[in-house]
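Multiple structures follow.
Here come two complexes built around subunit A, the first alongside subunit B, the second alongside subunit C.
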Partner chain A sequence: MNENLFASFITPMILGLPLVTLIVLFPSLLFPTSNRLVNNRFVSLQQWMLQLVSKQMMSIHNPKGQTWTLMLMSLILFIGSTNLLGLLPHSFTPTTQLSMNLGMAIPLWAGAVITGFRNKTKTSLAHFLPQGTPTPLIPMLVIIETISLFIQPMALAVRLTANITAGHLLIHLIGGATLALMSISATTALITFIILILLTILEFAVAMIQAYVFTLLVSLYLHDNT
Partner chain B sequence: MLSRVVLSAAAAAAPSLKNAALLGPGVLQATRIFHTGQPSLAPVPPLPEHGGKVRFGLIPEEFFQFLYPKTGVTASCELQRKILKGPYVLGTGLILYLLSKEIYVITPETFSAISTIGFLVYIVKKYGASVGEFADKLNEQKIAQLEEVKQASIKQIQDAIDMEKSQQALVQKRHYLFDVQRNNIAMALEVTYRERLHRVYREVKNRLDYHISVQNMMRQKEQEHMINWVEKRVVQSISAQQEKETIAKCIADLKLLAKKAQAQPELGRQ
Partner chain C sequence: MDVKLELPIWILMQDFIPKGIAVVFQKGYYQYYKYLSMKKGNVAGLSMVLAAYVLFNRCRSYKELKQEQPSEYH
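So, the complex of A and B:
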């Protein structure tokens, strides 16, 4: 290892120019638009998947909440594709950067909360106090609920960052372990390699699940506030 | 009937098509011109059905053919076939060169690359065909739905055409109906005529019977009158004395007869 463990997480620059912009924009090339009725397999599969996901995720909202469909669908596609592309060797995952995830989480959360406060002020304020609390506990509970409200965007961003970063780190470490064990004992290296394969499968699942969770939570905050 | 309406409408809309009106409204649809703008996208040249052949998913076959003039073939003795081995040797040599000179360094990332790429290749080999079929099925369903709508529309129009034709055929057969009605009316007229004839006959007979009965009655009355008159005159003519004489004679005759009658039975008894 001629580089430290966190080398894969520095923002890529090429000749002093930020390459990260292109890397962030690259996944959009993988989702072609097509105006035809009958498309190729790639596009029709994507359209089918998108239809499935949007139906499943946006059916719980009222029409006012369903105006967010485009936003949420682009969100899940972006996070899913960047996570999956980051599993390829020697690639950079933008979602490992906390700055990027905060940039996604805070505006979306703030939009949902402010919409709720503007249009349904009473209901939004009522969320601060769950039903059926005994009277002496009310001040305590209001403070706790406020804290939990303001922690939501932080939690969203940090959850995504931590999961993806941790996954990448684990893959790197176990790969390193395999490499180190190769010269010591081949069978242990093989076991470690099998662990690596299992981890890879897990990482693929985590990549998609994290995208789903992020979008689901934003949609949940939206549902509360419309 | 419908076709005539459409034909007249088409003739009104485009006078140049009046000559084509004989061919029907189908020609009107077929001669409509599409893509009157600048044809940048149409007509699309036909796309090949399958992509170019590749080996290992990366290297096209043309590369092997490209190196053939320089590297030649190797004959495999058991198989008696000529195999293009040039690119394989090139590839092996290149990989070994990169590894030995540490141009490509084996890092932990190598192992993660092996596991990731291996996993992906496994997934694609196992589920590739079925996913492709699924995508084809999606498109097929879309087309089948629209085709069904089209077929239903065609069928509906065909049914309308058939009904129209049958209506026209029925119109041809209307004269039977008219004949039957005409016959009915003729019969009714005939019946009325005969009935009236019969009535006339009956009326005339009544009148004549009346005259006859009047005549009979007159004659009867005359007879009776005459008889009564004759009797009256006779009775009048018989005077009282004549009457007595006649009665006395009758009594004498009767007594004579009685005696004869008495004498006869005695003779008879004996």
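So, the complex of A and C:
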């Protein structure tokens, strides 16, 4: 049972060729592009949703920060769709791999920080010391702020990985428990099944929320630095 | 030696002349496109894509899944 639990997280290969490329590219099929003014309901729904999210997320930025809109919107669409597709049975979720989340988090965070250091050097350096700290505490606080700055990309990546992986593992475990309990006691199996349904609803919410949180934090780092 | 086919009743009721078989396919084609118009996006189209994706992943991980099955011989 132990080996089967983590078997769904290994990178899919077929005949030695990486299948994971296809699986990462698959969500882009679900977002069709259309150059018409009035589209079909599928495309219109997606455009409406995208407009809602971009207005809500990018309105706090100045024009310089709003140049990042395309990047952040693609990010939230990608993470959201990948997480939601991972809830289908037997599917592989690329965002459970720490390598991929680090690959997303580190460049985005580094881009925001370096933009801040290049364009507004004094303000960026001033972020290392919060306002109104008593003088004896200053050295320690600078060290703490530096550590908290460098931990931001790690936290972004690990947060996404851990949440999605933990959710999938829980679903596997509770599903297996329900199956095993069916032959022993039907009532307990029913209770476990209800827990499974609640957990699945939670996972749908977590899938979307994690996408949102990731993108929101990147946009906050951007806001600090533009 | 007689070979006795156990088919569902509705298949046996159709006439097996070539025209009859063509009529069956034609009816199926029209029924399919009644529910699925390719110009407007609808739930049926999207769920077909997702079902194909699930099937694809099941075929990919069939080897690992086979070990979990209660019956050893298939």
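Observations, loosely collected:
Simple rule for what comes next: the second predicted complex is superposed on the first by the 223 of 226 C-alpha atoms of A that agree within 3 Å, B and C clash if a C-alpha of one lies under 4 Å from a C-alpha of the other, contacts with A are read in each partner's own complex, and residues count from 1 in each chain.
Basically, contacts are C-beta pairs under 8 Å (C-beta built on N, C-alpha and C of every residue); 3 or more make two chains touch, one makes a residue touch a chain.
As the structure is a computational prediction, the values presented were derived from the model and not from experiment.
By the document's definition of touching, of the two partners only subunit B reaches A:Phe204; subunit C does not.
Of the two partner chains placed around the shared chain by superposition, subunit B is the only one that A:Ile171 touches, whereas subunit C remains out of contact. By the touch criterion stated above, A:Leu190 is placed in contact with neither subunit B nor subunit C. By the touch criterion stated above, A:Leu30 is placed in contact with subunit C alone, subunit B being left untouched. Of the two partner chains, both subunit B and subunit C are touched by A:Pro89. Look at A:Met140: by the touch rule set out above, it reaches neither subunit B nor subunit C. Once the two complexes are laid over each other on the shared chain, residue contacts for A:Arg41 go to subunit B and to subunit C alike. In the superposition on chain A, A:Ala110 makes contact with neither subunit B nor subunit C. Put simply, subunit A uses residues 8, 41-42, 88-90 to touch subunit B in one complex and subunit C in the other.
In the complex of the two chains, the subunit A residues touching subunit B come out as 1-3, 8, 37-39, 41-42, 44-45, 48, 87-90, 171-179, 193, 196-197, 199-201, 204.
Listed in rising order, the residues of subunit A touching subunit C in the complex are 4, 7-8, 12, 14, 19, 26, 29-30, 40-43, 85, 88-92. For subunit C in complex with subunit A, the residues that touch the partner chain are 39-42, 45-46, 49-50, 53-54, 57-58, 60-61, 64-65, 67-68. Touching subunit A in their complex are the following residues of subunit B: 105-113, 115-119, 131-132, 134-136, 138-139, 142-143, 146.
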